[in-house]
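Before anything else, here's the structure in question.
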Amino acid sequence: MEKPVFNRKLTPALKPYQRRLFEIVFEAETPAGRRFDEVLLLLIVTSLLVIMLETVQGFAALVYQIFYGIEIMMTLIFTAEYIVRILIVREKRKYIFSVLGIIDLISILPTYLELLFPGMHYLMVFRTLRMLRIFRVLKLTKFTSEAEVLLRGLKSSRYKITVFIASIFVYVVIFGTVLYVVEGPEHGFTSIPLSIYWAIVTMTTVGYGDIVPVTAAGKFISAIVMILGYSIIAVPTGIISVEIARAVREGASELNTRSCPSCTKEGHDPDASYCKFCGNQLTVSE
Amino acid sequence: MEKPVFNRKLTPALKPYQRRLFEIVFEAETPAGRRFDEVLLLLIVTSLLVIMLETVQGFAALVYQIFYGIEIMMTLIFTAEYIVRILIVREKRKYIFSVLGIIDLISILPTYLELLFPGMHYLMVFRTLRMLRIFRVLKLTKFTSEAEVLLRGLKSSRYKITVFIASIFVYVVIFGTVLYVVEGPEHGFTSIPLSIYWAIVTMTTVGYGDIVPVTAAGKFISAIVMILGYSIIAVPTGIISVEIARAVREGASELNTRSCPSCTKEGHDPDASYCKFCGNQLTVSE
Amino acid sequence: MEKPVFNRKLTPALKPYQRRLFEIVFEAETPAGRRFDEVLLLLIVTSLLVIMLETVQGFAALVYQIFYGIEIMMTLIFTAEYIVRILIVREKRKYIFSVLGIIDLISILPTYLELLFPGMHYLMVFRTLRMLRIFRVLKLTKFTSEAEVLLRGLKSSRYKITVFIASIFVYVVIFGTVLYVVEGPEHGFTSIPLSIYWAIVTMTTVGYGDIVPVTAAGKFISAIVMILGYSIIAVPTGIISVEIARAVREGASELNTRSCPSCTKEGHDPDASYCKFCGNQLTVSE
Amino acid sequence: MEKPVFNRKLTPALKPYQRRLFEIVFEAETPAGRRFDEVLLLLIVTSLLVIMLETVQGFAALVYQIFYGIEIMMTLIFTAEYIVRILIVREKRKYIFSVLGIIDLISILPTYLELLFPGMHYLMVFRTLRMLRIFRVLKLTKFTSEAEVLLRGLKSSRYKITVFIASIFVYVVIFGTVLYVVEGPEHGFTSIPLSIYWAIVTMTTVGYGDIVPVTAAGKFISAIVMILGYSIIAVPTGIISVEIARAVREGASELNTRSCPSCTKEGHDPDASYCKFCGNQLTVSE
């Protein structure tokens, strides 16, 4: 099992109350740590709901003041948490510039910026990034190893996925251009970029229907785009199935803890009788 | 093979007619039991058709009285069946609070409630839950073991699926918010929850076309949402393929624990008579 | 390799010209047989094109007479072919009632019926069934074994697929009814059957956009339907992947023609040293 | 590892500056060759952007002259590159008629043709084919082997895919015709080819919504088309998963033909030093 990236060690010189705080804020195994994570999850979800409902017309008018209050309170809580984390962590610089550290900062900064510069409503997007903190909470549970298998599957198929996306790109540019030429601006295909957008909408089988081919030739070519797009999805699925199967198998063989009695190395196949590293006989597994 | 969950044993003290009734109502292997299940399936489907057609304008006006009569009759039959089941089952409390027991109750209760409180047309939803009784009938056939393989596949991949759904959730909230900011209420993206709805419609490739991006930036970001959504489907497919493959394999190996009496090796095909490793005769399986 | 189903044997008493005809019409391996199949494929495609283009407004007006002539000619050719097949085949009854025999009849009958009873334009559907004859031609090539692998994969997963379709059915009925209650006739959900149609359109990610949820609650429930539908597709894909993998593996082991020198049985695993049927030593493969 | 197709050998008689040019233009492993490829990639992308933006209304008016200049310049650069490639390659004829050679020609020819015959705006499509040169650049990196695995997977499943596409074809023609008969021209299904287009739009789950069934019967049949289409996608996915799995496995085993010098058994892991079957030392691989 790989070590979690953010499992920072404490210096032995930490005072007891600091050690206690660390346990609560960073650990998930202790009861206090688990409770802290649960409260955090609740706060994040509440905060998200507030951000979302602020934009709903009816709601905003009614309870704007309440939402505003909750938002400020949330931000203060998250700020306090951020400061505590910085104070008690040993490698402060490492935490601040870590992915989780940046997410922690991003989840408080936009609210302050909006207070300073009102009207920058696009900061709202950054406020929703607060949601990424959900992964901080999930990270500390048994979900990590599952996520790791998924990520390992995606990672080991990254070259295949790049080739796939490059092909998709070439594919939509060519068919987008063809439809632009065939249908033309008078049927809604007003430019090549828009036609490429249409090709993506079609190939991914989203099919909004805001731009559709009108001529017989355009419909014929569209049909080809659709069938190809419909078939192409099989390719990444196949890739990822195979990679996940491999990741799962490798994950399993990690758990196959049969180790050589001579050299103590692990990773032997289930049917192996001799250590593949030192050649000595293996004990019978199970 | 696991024992079916609801295969309740009879007390030896049951009278012959009770034993007979039990056979008919709960068993599926006996001819009488199978016929009872077939009649039940027919009744369920008829009942469902009636509920559906009641809502069709033309139909309702014409044959409302007939439908009403059938509905009442069905409910009476199902009520009788429910009472019989309670009477003859030994662990009454266990049956009543079992999943199937609750479904049996739900399939009769709404009709009575509608008789008592006319106008509560949303009870109709509960009436369609009657359909879940189809699984009671299916349960007793060879479909169970197949459904079990499916469920085992889904169950053993539940953490991976949770991670996947959490990612999807984060994904649609972020992209929904981005589109809300980019397109804004003037292009139909009137609030963040609605924009998240749009993101879900797009990412799942449903693409109704009721809300579509209008600006170039919105279209560009949508294209990314589509391609990601189109690729992401590969992940659960891969997960479930692998899990089903494992469930099938394990299901097969459960049926195949034959080992060679001479060399004790396993992994023999079901049709093998001799050990493929040492050539000695295998014992007859089962 | 299994024997093709329709490879009927000739009686030894056939006259030479009959044997020659049989070779041309039923065999695909001989040059004459292959040429006959190619001509047949061309005729089928031409015939299909004529049927299709007949319905296109502009075309029909222009060249109706020509199309009519081609159609009659095609039907005569196919009729002649049908009669020849009946004449030269030994088990006439078996051919006439075989799947291919019925397709051969269906591909000529509708045209005659339309001549007798003009105006029955729905016979057109049956005329397109002529297209199924494409499979007669494909059947005789190396595609058969591939199609067999596909069919075997589908067949061996038929219980899983039934469970899956039953679940889909329950799923769309429940969600269709829920949306009918939530949205109601005023938002286009005019009856439960129509709402079920909407649920199918949504769950399969087709998403026409002719019926869409309008209320917030409806949109929220729709989002759930979409995400479930989007995830559910992973289940049949997983099932079929696994079954095809099994069919391919089994297909491969059929081609693994290693046979026991003692009992001549085949189907040994690549790593087997002894015959699993009679226990005698196998020769080393390859 | 197979040899890349276009890795042409130089004659020993090449002059040093020619050898140098060859290294830059055809090789990707040397620093100069890699830099050349990067510049080429940049030029291709710029050129594509120019072609696309030319068709955008606002842009074109503003900066048409600049775009025109860039386009001409690009074409001159690509022409120079094409000539250099012809000059330094030994088997000139082979290069000119190779796939990459033709792509190189196609990426320059349309611009010249447009200069000669202004107004042939459909040549634009051929200009976008310039984009295929991206694969020339990708080809020279580690992506090749991944693309090869994908292509091998697709290639070895070509018969299965042909059967699949033939089935899809039969499927959409039959259901298209059925819907034409059921819905008829008054509901937008004006001809069989258009109805087949509808069937493709529906089956691939694109679902534009430009043509939708209106009658109850049409909607019922559409629902079947959708569910079938939704399930059918599982078939190519399954096929390709299996084939990619095989291609990956074979790719791995190609790299791993190490056999034990003592017992000659194969199947050793890449990291094995001793035979897992008999315990003797393995020779060092490669």
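Letters A, B, C and D mark the chains as written, and numbering starts fresh at 1 in each.
One rule holds in what follows: a contact is a pair of C-beta atoms (placed from the backbone, for glycine too) under 8 Å apart; a residue touches a chain by one contact, two chains touch by 3 or more.
Quick caveat: nothing in here was measured; it's all calculated off a predicted structure.
One of B-D, A-C or A-D repeats the interface of C-D: more than half of the contact pairs, counted by residue number, are shared by A-D. When you average the Cα atoms of each chain and compare centres, the chain farthest from chain A turns out to be C. Interface comparison, A-C versus A-B: the higher number of contacting C-beta pairs is recorded for A-B.
Chain A and chain B have centres, each the mean of its CA atoms, that are 29 Å apart. Centres computed as Cα averages put chain A at a distance of 41 Å from chain C. Annotation for chain D: residues 193, 196, 205-209, 233, 237, 239, 241-242, 245 touch two or more other chains.
Taken together, the chain C residues at the contact with chain B in this complex read 159-160, 162-164, 166, 170, 173-174, 177-178, 180-181, 190-193, 196, 202, 205-209, 212, 216, 219-220, 222-223, 226-227, 229-231, 233-235, 237-239, 241-242, 245-246, 267-269, 271-281. Against chain C, in their complex, chain A makes its touches with residues 205-209, 237, 241. Of all the residues in chain A, the ones that touch chain B in their complex are 48, 51-57, 121-122, 124-125, 128-129, 131-132, 134-135, 138, 142-143, 146-147, 149-150, 153-154, 161, 165, 168, 193-194, 196-197, 200-201, 203-210, 233, 236-237, 239-245, 248.
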